[in-house]
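Each of the two complexes below includes chain A, the first together with chain B, the second together with chain C.
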Partner chain A sequence: MFPRITRTTMLTALTVFNLASIAPAQALDAAAIIKAAMDQWRGTSSHSTMSMTIHRPDWERTMVMEGWTAGDKKSLVRVLEPKKDAGNGTLLIGDNMWTFSPKVNRVIKIPSSMMNQSWMGSDFSNKDIARSADIIDQYHHSLLETQTADGHKVYVIQSVPKEDAPVVWGKEVLRIRDDYVLLEHTFFDQDMKPVKRMKTSKVGMMGGRMVALQERMAKIETKDEYTEFKMLSAKFDISVPGSTFTLSNLRNPRF
Partner chain B sequence: MMKRTLPLLATLGWRNLWRHPKRTFVILFAITLGVWFMVISAGMMVGIIEQQVRDTIFNLTGHAQIHNPEYRDDPAIEHSMPPPTPAMLEILNSPKVKQWSSRVRLPAVVMSERESRGVTLVGIDPKHEQGLSLIGEPVVEGRALESIDDDGIVIGRRMAEKLETRVGKRIVVMSQNKNKEVADRGFRIVGLYRAELESTETAYVFTGRKTAQKLLGLNDDLSEIALITYSRDGLEPLVASLRQAAPTLETKSWKELEPLMVSALKVYDNFMIIWYLIIFGAMAFGLTNTMLMAIFERTREIGLFQALGMRPRYIVGQVLMETFILLLIGVALGNLTGWFTSDVIFADGIDLTEFARGMESFQMSSIMRFQLEARDLITINLMVIVLGLLASLYPALKAARYVPVEAITRT
Partner chain C sequence: MGIVFHLAWRNLWRNRRRTWLTAGAIAFSTILLVLWVPIQFGAYEIMINASLAVFPGHAQIQRPGYQEKPKIRNAIDNAETLAKKLRASNQFVGVATRAQGFALLSSGTRSYGAQVVGVEPVFESGTSSIPGLVKKGRYLSGIDAQEMVIGAALARNLKIKIGDEVTLIGGGKDGSVAAAILPVVGIFESGSNELDRFFSEIPLHTFQNIFSMGHSAHAIAIVGKTVEEQDSLLTALRQETKDRNDIVILGWEQLVPGLKEGIQVDKVSGFIFYGILIAVVVFSILNTFLMSVLERTREFGLMLALGSRPKRIAMLMMLESTLLTLMGLIIGMTIGSALVYWVHIVGFAYPGMEDLAQQYNMPGLSRLYPQLDLFNFLIGPGSIFIATNIVAWIPVLRIRKLEPVEAMRTI
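And then the complex of A and B:
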């Protein structure tokens, strides 16, 4: 959720990529591009605010949320607006996920049976939120083609899940710009028909980084049902105290 | 004296019976119809119950199971049990046990690209499930599981429809491992199984036992051991010996595991007796009436018998003998037609596939078979004959009480 890229990772990734573009080992560079993009996407530490709009044909609602991340294992999101949802939070540490709602005043650990349920009513499941970093090592990646768009190179990468990976998709296709902004992420079923797509509609500078400012997740068959994220503010390379990612902070906000 | 009187009474009864063949045929028809109906309703009931019991036992229950004592209340991973000890193995491998198998059986969620559903993930030892449970049967599509470390998954036919998936595709199974963390992995669907009930087909997914143990971090621990013997009755000594061999675990026979089934059996048994009585009630009025008519007709004749010195008890005997012969023929015909209906006409069962969805709510399978049990036939026949004789006792006693002079002079 939280864009972040350090200069070093970017440089390493670029070097790896440049070398690999000459070398025949295409699988390696595809994986490296995704890793770089995911690093950009999650980062090592960040503090951001964003809005999430859940749109359905007959209703729509927008939430404003505040989030912190540290590394790719820890993150915390808390709802600021609307008032009736304010204080609802989600804490992620590794594969474990907890939610807190001030209304019931209880921290709930999301059990595996609820992992496939929708996260805060959006088009993302709890699993999508908790596991998106898994794409790096649970898939075989290959670079399909390199396109050019808006003066940028765009890498089209196909990721096929490994045999025992806990992934239902047949394949995923990612379009990543040469500055590691993820432009599009399409999920295909096992008949290789597209099922849902996350598309970046606005890219810009924020907190000194080039990040996706607006992106939308929608099912292919129902285009008028979508979830849209807008980045409102973001700071990177800040020090986030370790106590941010604790159950007590989830319950009693100190940050 | 009995030796001579019985044949005499039988001859009298037999001849009396055919004085009015039309009337006899009518009442014979009524008795036959009644008995036929009792026989086929018993056959139908037993068929349904038998099917249900067999399905229940075949539906991963077996004749007896061994668990962690907490497992049945809360089938969670922390209520697993260790693999069987040598003392238990000795009993399990004894000739009394036809087949036994150890399983991992825990709640999980399966997901396809489009759907997700709660299921029970069952890790099995495919070779040992043969003859023990439905998963030991051949699959309808694809292949069955082959070994304990088979990492394919076999799901129900209906489950595949619900998940909008099919053989060859991958699904994700999610559960909780021993440390209460999410344990998940992808499985390729290698086969589809079928079961009598749709609810069964959507309840279980199967994989190799070792694969499940690895996924859930169980090492060699199990959820249950199920076994099947040669007879589903008289399991008590075996269960007792297993309890002795595994005092910390819980061993239960299917009757204890499925108390609902057992009480349903009792209800059906009692219901059938009431059902027989209702049918018999209708029949009895006809019988009494017919015999009464016969007595009235023969008033003069009975008076003459008495005047010639026949004791009243022989008069009673004569009427009862007549009824007895009548009942015997009726019962024989009723059994014959009942047998013909259930074992010849509907030998393959009645196909209720059209109504399958409705029948499922009664836990019935789509093909209904009749099953005639000697026990039920004996109950029906004895009941009809004994109660039939009781019903004709009234006309018989009435005949015996005639005053000879009055009877003879009646016109």
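And then the complex of A and C:
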């Protein structure tokens, strides 16, 4: 998914490396697998189109969106369809998030108090979108088990947030295939009860790499309410101009 | 019977000072209870009225499940038509349709999340005090006017004044992006932190356009004559809406559950205090009677020897206790009712209360009036009467154990 930003700067990369030399081998493996999976998603840069379907028992809505990413800190998403919402965009730089609506022709910065609100009415919160890569440096990782499925090895990794990490979750459990495709991501609350789960239902080649083509996020209690992403096209490791990720480009699209 | 009564009365005045002291203790606690219970209930009434008057109203019509999970899609179809019908029935003091959503409000440099409510400007003042609380500027002018009123703290946070534009971005009913730019025409100050910080109102039709609501809305707020007439209000509402099975009617206890719980907690602590007060009175009575039985053991022995039956003596004692309690109660209730009546006429105010009421547009709040109802009035004296009569049995039971000869020998 577009905003799965790996926020490993040089510094955090070094920290991970340093930890690696003293941490048990298993912990190193778990953290390295997660980092590899995050990198697999976006490469150094990406340009993709995807559809997002918000499903409710009595209601459903599909949007088509175009997204750009560069490095692990910057991403831009713009709505293409439906026509009513075309042109609405979200820009992410680090932890900062801006939204643009052509109806009012204004760029608005999303305040931190709104980060727990739903993003575009989906089952993802703004925080999910902006901070999903926090999992690399804000969590302790451990490899729970290694399974085999469809001829692939699948690593089950438990990630527990560090004491001072600004996250609401008690822990997260990820299932990652040996080719670094994320198959499942479950979020647990502070009482260690599962709250919501993202599941990959289709994996395939796109833009020269193996990626999840279809993912669904649903609350554990209400399985008939979900948000589903489908990757329509993707290119990786392309050159995206730095001016893509600016407020003026969010307002007046040039890319 | 006549002679027993005569004896009891005479016995009471054998020790004047003790009788007066005991009767005084009863009278004093009776005054406290008779005066304070109605005032306490009067304060609850004011609390309830004040919190309901600001926004919730006495009852609301909503879609099932909206109260627990206010989703913008869970809206009443043709809500205005329904409200019009309720208004035409002339049974309700105030009826106002509202559409409610959550949006990001931005002044350009600053953004805050806030509740946005679409209201019928003409009718909203019948169910909410917010229109009257606009301190700067004015309230909304028409049902499709492009304007907005916001809370004072929110205006401060956004750094906007009357005439400035606010950008609103949220999610519409159909999932689309709801966005609009509206000028702020009024700033209200309700005194409620929550409302002043996170609350804004725009005209209903403007809301329905921005949030793609069509003719739907989320709530119809209703105000009846008084809060106490909740049951008849709900019955009337049910009667008027029986052709709509897509809605639920919620009373204020369901709309503001915290209010009732808070009152319940306060009631419990109040009743614990009254319980202690009654216990103290009861022990003083017990003491009086125990003393009087002990010092009259000789006399009782003599009466038994002369042929009085223990039952008759017990009756004498009970009569003494009842007479003493009644004396205290009558004095207490006379003074207590006079005081309650006086408070009922002039009201009960503490310094600053009037200013507070004016500031929050609640004229009824300037003075506290006791809630005059027979139950509130009689619960205190009644409890004292029953409790003292129960403990009076303790010394009385001693009489049955008395042996005439032995009793006459005690000093």
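Throughout what follows, the second predicted complex is superposed on the first by the 231 of 255 C-alpha atoms of A that agree within 3 Å, B and C clash if a C-alpha of one lies under 4 Å from a C-alpha of the other, contacts with A are read in each partner's own complex, and residues count from 1 in each chain.
Quick note on the criterion: a residue touches a chain if its C-beta (ideal position, glycine included) is under 8 Å from a C-beta of that chain, and two chains touch if they have at least 3 such contacts.
Because the structure is a prediction, the values reported are computed rather than measured.
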So, on chain A, is it clash or fit between chain B and chain C? clash
Could you look at A:Arg61 and tell me whether it touches chain B, chain C, both or neither (first, second, both, neither)? second
For A:Val104, is the partner it touches chain B (first), chain C (second), both, or none of the two (neither)? second
Touched partner set for A:Asp189, first chain B, second chain C, both or neither: first
Return first, second, both or neither, reflecting whether A:Ser113 touches chain B, chain C, both chains, or no partner chain. both
Quick one: classify A:Asp85 as touching chain B (first), chain C (second), both or neither. second
Which of the stretches 237-245, 309-317 or 345-353 of chain C runs into chain B once the two complexes are superposed on chain A? 345-353
Could you give the residue numbers on chain A that contact chain B in one complex and chain C in the other? 111, 113
Name, in rising order, each residue of chain C that touches chain A in their complex. 73, 102, 104, 106, 108, 110-113, 167, 169, 171, 174-177, 179-181
Enumerate the contact residues on chain B facing chain A in the complex. 107-109, 111-114, 116, 118, 151, 165, 169-176, 181-188
Listed in rising order, the residues of chain A that touch chain B in the complex are 95-96, 111-113, 115-116, 161-170, 187, 189-190, 195
Hey, which residues of chain A end up touching chain C in the complex? 54, 56, 58-59, 61, 79, 82, 84-85, 88, 99, 101, 103-104, 106, 108-111, 113-114, 117-118, 120-121
